[in-house]
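In the two complexes below, chain A is the common chain; its partner is chain B in one and chain C in the other.
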Partner chain A sequence: MAEARQITTIQAAAILISTIIGVGVLPLPLFAVHAAESGAPFITFISALVAMASLVLVSVLGMRFPSQTIGQYSETIIGKWPGRIGSIMVIAFFAILTSLAAREFGEVVITAVLPRTPLEVTVTVMLLLAAISTRNNITTFAYIHFFYFPLLLGPALLITVLALKNADTINLLPIWGNGNIGIKGTIDGILTIASLFQSAFVLAIVIPSMRRPNRALRASIWGMVISGGLYVTIVLATVSVFGSEEIKNLLWPTLELAKATSLPANVLERLDAAFLAVWVTAVFTTLFSTYFFTVTELGNLFHLKDHKMLSFFLLPIVFLVAMLPQNILQMYEVIRNIGQMGLIITIGYPAFLLIIAWVRGKRGDRT
Partner chain B sequence: MPLFRRRRSLKKKAPPSNAAPPDRRLEEVRHTDMSGRLEEVVRVINGLLGDNDDFVMRELRIFGRHPAVIFYYSNMVDQAGINSDVLKALMYPPPQFREEAAPRGRLKEVILCDALHHTEVKLESDLASLVEGVLRGQAVIAVDGIDEAYVVNTRSILKRSIDTPATEQVIRGPREGFIELLGTNLSLIRYRLQTCDLRIKSMELGRRTQSKVAICYLEGVVSPDLVKEVNRRLSQVDIDAVLDSGYLEQYIEDNHYSPFPQVQYTERPDKVVANLLEGRVAIMVDGSPLALLVPTVFNQFYQTVEDYTERFLLMSAIRLARLVALVFSLIFPSLYVSIISFNPELIPTEFAVAVAGGRAGVPFPAIVEVLVMEVSMEVLREATIRLPQQVGGALSIVGVLVVGQAAVAAGFASPITVVIIALTTIGSFATPAYNAALALRLLRFPLVIMAGIFGLYGVMIGLILIANHLLSLKSFGVPYLSPLVPGNFQGMKDLIARAPLWWMWRRPSFLFTGDKHRVDESTIDYVQKPSNDVLDPLKFKEDRKER
Partner chain C sequence: MGAREAGGSDLNARAWCKSALALIALLSSVPLLTGCWDRLEIEDRAVVLGISVDAIDPSEAEKEDEITHLRGSYLEPGGSMIRLGVQIAVPGRIPLGPGEGGGSGQGSSKRTVWVMDVPGYTIDDALMNLQQQLSGQLFFGHLRVIVVSESLARKGIQNLNDYLRRNSQLRRMAWMMVTKGKALDLMKSAPELERVPTLYLMSTMDSAVRMGKFPTNYVGMYWSRASKKGQEGFLPYVEMKKEQNIELKGMAYFKKDRMVGVTKPFEIATYMVIKGLNPAGYRAFVRLGNPERTVMVYATSRKSKINVDIRNGLPHFDVNIFTELNLEEKVSNELTVNRSSLLREVGKQNEKALLSSVESLIEQTKQAHSDIFGFGEYVRAMKPGYWRTHVKSKEAWQEMYPRITVDFHIHSRIRRIGMKAR
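Moving on to the complex of A and B:
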């Protein structure tokens, strides 16, 4: 284990940021506006706080068991078989997350840039890309995230800055929303947005490879502040440019924002295709994280020495799940439902584990 | 000895064939001491080497009385030296023994200490070593009645003179390049590094070539584990021939299937020395003018010697230009293809119209056009290298001007395509390291194909695959993209820009060097202090008045 502990705190934060920023950014303003109309940025902020709970729980658990992944310490905490059932649930959830993200981005690609390409092709390409890259160890996993995360922040910030030209602050008022949407709708929206953050659960397998596991909490706070800040910024920019009523008619408001902006001096007339191209990296890092989690945890569950074999073995299953939703509307329906149910797994399950661990007084070996 | 063992097992399994394994007859006499009987030694050595017409076996009488024989290959030795320092010295007894002959018992010592006028003489008794000495170009003198023979290093191989390095020319910096002879190359390194910490260890690799391989490093600077690992990897190499350091490179690199080079080569001694000082290990092979440097990270491939000898601000800008050229040579054609065929709305309308106008007569899709032009450019480039120098210039003019112009005029390619191809090609020439440029040059073909299928999306997929591969590569355990990933801010001073030398006062941290400091703190302080104006005109005002 000594040589495997290579991941620094900055790298761990980078993993979280690039994992969280993904395809979910594209429909994000739509979800937020559905929850609170002009209060969308505020709601996004609240959701980030909710998502923070999951990360804090995972990091506290991880710091309690600094040399084990979630699958291993769940077996110590609640016993062998219940722990395994819990792990299987988490693994299955992450496999579904992978397939839904691949499907969602596949839809975006065929709608926006490659209208004559079959959906199956774009989904397969993304999944293959993730699968090929999962045949690496966790150090390379960290390197890859660390390399890409500036590339994710750059274009997103560039587009929001350029969009400010067309922004109108009146669209953002009142900050708390109009109150047209009932409390149920708002909570529903908060949970949906919070579910966009939940791939950050991958921290649970990163902690045992961190050079200083006790800094996991710091890494997760940094990761959350930067990615949550980016989410809020994007919602802010989109709402201030389009206004909440307009956004309700747009499927991917962030993409529309890119379409509406152009670089100064007309170097590039429209930015949507370029933005989407750069966004491939963002989606890739998310898929890579969730799929890596699925594959390595499954490998741990079966006590395999090497998870490489699994990465292609699981691919057809993930692909089939991705193809299950009939159309784009049903897909978003599924994404909302699965996402909200997922919160039980990403917040409820670690909370449950932590409480049991407290009660039973279990803790891992401190290294 | 693994070599020996394998041969034995071969003998058991393989049916007897005429092709004897290398040096089988030599192995038969290994560890057989010469008995002191001259006829025996002559018989063995003559049996092994006597078939060759350039082999010389000359009989003589030492001090006029003791019979002896000298063996050597006539074309590999310094004949004049043998005549004056060996033959003459042995035939006439030294002055102190003119009066009375040297006692027979002390003859061995007298020859070595009083007679032979040569610095490099050693005594050998193993017959196989004697034969190997002759093969290496040494002269072997066997004397009747003495149980050891004298091996005199009279080797003299013709060599070319030290020249400016052909592939790594600089405007500012030393003009010397390595030549083929290992000894000369080592001397070039040694005179630049006059410290007792410089270690040169040598081994012989290649069953038939017995090439001398030297491992150079700076004790106390280099990580000892690295030296151990280099030694280990090299000693695993048991091959027929090591004709160039390139052969070794392919056996010691980490990932054999990667298009990216994981070992840097150079023909500049100053570059080798700079790398030794950073804590790397250099591997030199006799017969090859190229030294290998390990471990290698990607940023070395776009750095040059001049970056450090010229002013840092300007060289940083030039390094940036080189980096742009590197990126150009990889992605420019694929970006062009994807924008033209999938997203023409990205570029400004006027330009899009101009491009469309240029492409109006071209019957092929952009990808076919670009691929055909790229392939012909590669052919042209290869042809220019192979052609005799006198014709080369003419051909490149024909290729670039005539073919390019004619292709456009014939409606085969659009003018903008020709511009793109030209920029790409020039970009790939701007990369200092040929092997890295080659990798990126060839990777642009799959990228163009991906661009033709999926547009910008495909280009990104291709780039992600390449980047992930680079991120997973390692050279002797050092991540290939260090110091960018894993982040090391000290190292980033030499990554894209080149910081002033005294800012980079540490050696690269990813090499885990022993001695970490390159620049003493007092020097750093001194550089930052305001300079002393010795010849300030104000000071000399008084003087002038007096005059």
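Moving on to the complex of A and C:
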């Protein structure tokens, strides 16, 4: 790596937090309630643990190969061509993740805020914004995330805390759920929610630029505790205010929660506008991360010195994939399916790499 | 770009790169140049402040214009019809401050809003019929009050709830109410106090909540309650009086989406006692012996705790209620309020009176299979095992609700007697 190792542990954690908090917060309570009704917060917690597995694996691998990104050490571990095939899968998955996040963003905007603006325009603008930002190097990438993460976390927490004044604890009981949903549905839900966290896989390309790569695990634990904590809080607030049955009627329960919440003394009677503003930023940081991952890893795959030219080269492809789902219900079906399959890539693949690395006794040079 | 320096061919490439960049920058500004798609000037909006929905006779179908469907086509929805009334704010007429516009009583309030009504099969059908005769685009972001007539509420308001939930402009903080008689009359009413009639309706409800006359029950809360498996929703039941004001006549309670009954106004207080809701706003007579020895008390604070256990295979509830009271008036001088033992006596009598009223309210809702208190939610939350094996669904709880037993343990204490010494 030519660039200096400049990213601190706190910055790495900030990258994870603002990457994880993304477009998924809107339907999150709906997914959770479909998995366990009143047990939704608990299920979200379990899902965060599942997602944690991916991050731990990536951190351990990254600490084992402190100066290489996942594409590079996979070639060391399992050989040149198998490693490249693995990398192509990861890159393709992240490109699709970018597309789907952009599309979901577009759908929310067109339904809730700007009904007459063409979907193509909102999606293009967002992707363009991400594409332009990915022309920076990884240090700037870290700075941008570090700048936005308090702006995401603060208002999101404020809104959920304010919403809690309408809360009714009986909606949260029993904390295991009423058992109306079979074990299959629950596992399906856990995997879906865990898949909302998987853009945190971007850590795999952050570690080689960390000032102290051996602290990657610490960064990922902090990142997960804070973002997972926020997810659980959001589900907790939504379920306790609406009750699990009402949430089943709402496409984006978190947005409804913001609508039903007002600032004290009615300074703002509904917070959905404020919430959406924060949420747009959150979507941007997520898109930025997944796009950046796609572009830099693609650059590494072709051994390019500079990934910048790929930013715009990728844009039409990502845009076209985003336009593929035919309607909003199909889009969510695709998001669930792709997300669950993605867990194979974000958990299975690094686990496989790590086991092979152990077996073959491969490790990177320590710096 | 361009940290690398090299020969002529590379320079060429750099020049090409630069022009490409310029092109991209130019292209990327295109989406910004188009302006805002969703620009809608306030004058072009028809800001809907209130909606009323009445059930009407299907024979009025002839009066409906063929806007969303052609008459006689297979697409005609059939079934019952509604009459939808809307109150639209007239831009510029609503005075922003007390001094502005010099509103002169009734006359001015008539002109701040524009009331229209149209028939239709469904809410959207009626709204489209209305839009066809209206220049401004209907906008629901400021919708504050939804009035439903009793006859429609008894038929069911599934369609109304569906439309409102789906519409992204609506706030969950609007009030929905059921009215005795025609709902359209409330839209047309012109109360003296407020220059915008719907705002009067809204402030009536908001201050009722503040004074403890009604539990907080925005439409979003009604929806949440109605969705729950172990609870039913309720709405305020109002009636228009001859001075164009509205009276809170009780709670209209529902079974799923259908209204099944209505309580007396005093039973709102009873409901709030059972749920332990504050502030407390109702007064009650307490009689000590003969009618001359009657006092009136008002509650200042209430607490309640609901415990559930399973007895003989059915849920049994113990409701512990504590109310704090003040004495507000007495009927005659036959009673001298100067000993604390007397206040204890008043408290005792109040407990008795309360007990009979809570039991009659429970009995009434049991007969309608409408658990507005959410006892079922307690079973679901506290006895999940029992719920799973015996209840499971909303319909099953509606069946079981009349068979549950409830014991009340009421404690009332009088604390103050006002400024008079005896």
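The rule we apply is simple: the second predicted complex is superposed on the first by the 364 of 367 C-alpha atoms of A that agree within 3 Å, B and C clash if a C-alpha of one lies under 4 Å from a C-alpha of the other, contacts with A are read in each partner's own complex, and residues count from 1 in each chain.
Methods note: contacts are C-beta pairs under 8 Å (C-beta built on N, C-alpha and C of every residue); 3 or more make two chains touch, one makes a residue touch a chain.
Computed from a prediction, not measured in an experiment: that's the story for all the values here.
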Partner chain in contact with A:Met323 - chain B first, chain C second, else both or neither: neither
First (chain B), second (chain C), both or neither touched by A:Glu246: second
Partner chain in contact with A:Ala92 - chain B first, chain C second, else both or neither: neither
Which of chain B and chain C A:Thr117 touches, first, second, both or neither: both
Contacts of A:Val125 with chain B and chain C, given as first, second, both or neither: both
Partner chain(s) touched by A:Ala53 [first = chain B, second = chain C, both, neither]: neither
Partner chain(s) touched by A:Thr140 [first = chain B, second = chain C, both, neither]: first
Which of chain B and chain C A:Val280 touches, first, second, both or neither: first
Partner chain(s) touched by A:Leu354 [first = chain B, second = chain C, both, neither]: neither
Residues of chain A at both interfaces, chain B in one complex, chain C in the other: 113-114, 117, 125, 132, 269-270
Interface residues, chain A side, partner chain C - complex: 38, 111-118, 121, 124-125, 128, 132, 166, 170-171, 173-174, 176, 178-180, 241-243, 245-246, 248-250, 256, 259-260, 262, 269-270, 308, 312
Chain C residues within the chain A interface of the complex: 1, 24, 28, 31, 34, 36-38, 165, 168, 171-173, 218, 220-221, 223-224, 227-229, 374, 377-378, 380-382, 384, 387-388, 392
For the chain B and chain A complex, residues of the former touching the latter: 342-343, 345-349, 454-457, 459-461, 464-465, 467-468, 471-472, 479, 481, 484-487
Chain B contact footprint on chain A (complex, rising order): 6, 8, 10-11, 109, 113-114, 117, 122, 125, 129, 132-133, 136, 140, 142-144, 146-148, 266-271, 273-274, 276-278, 280-281, 284
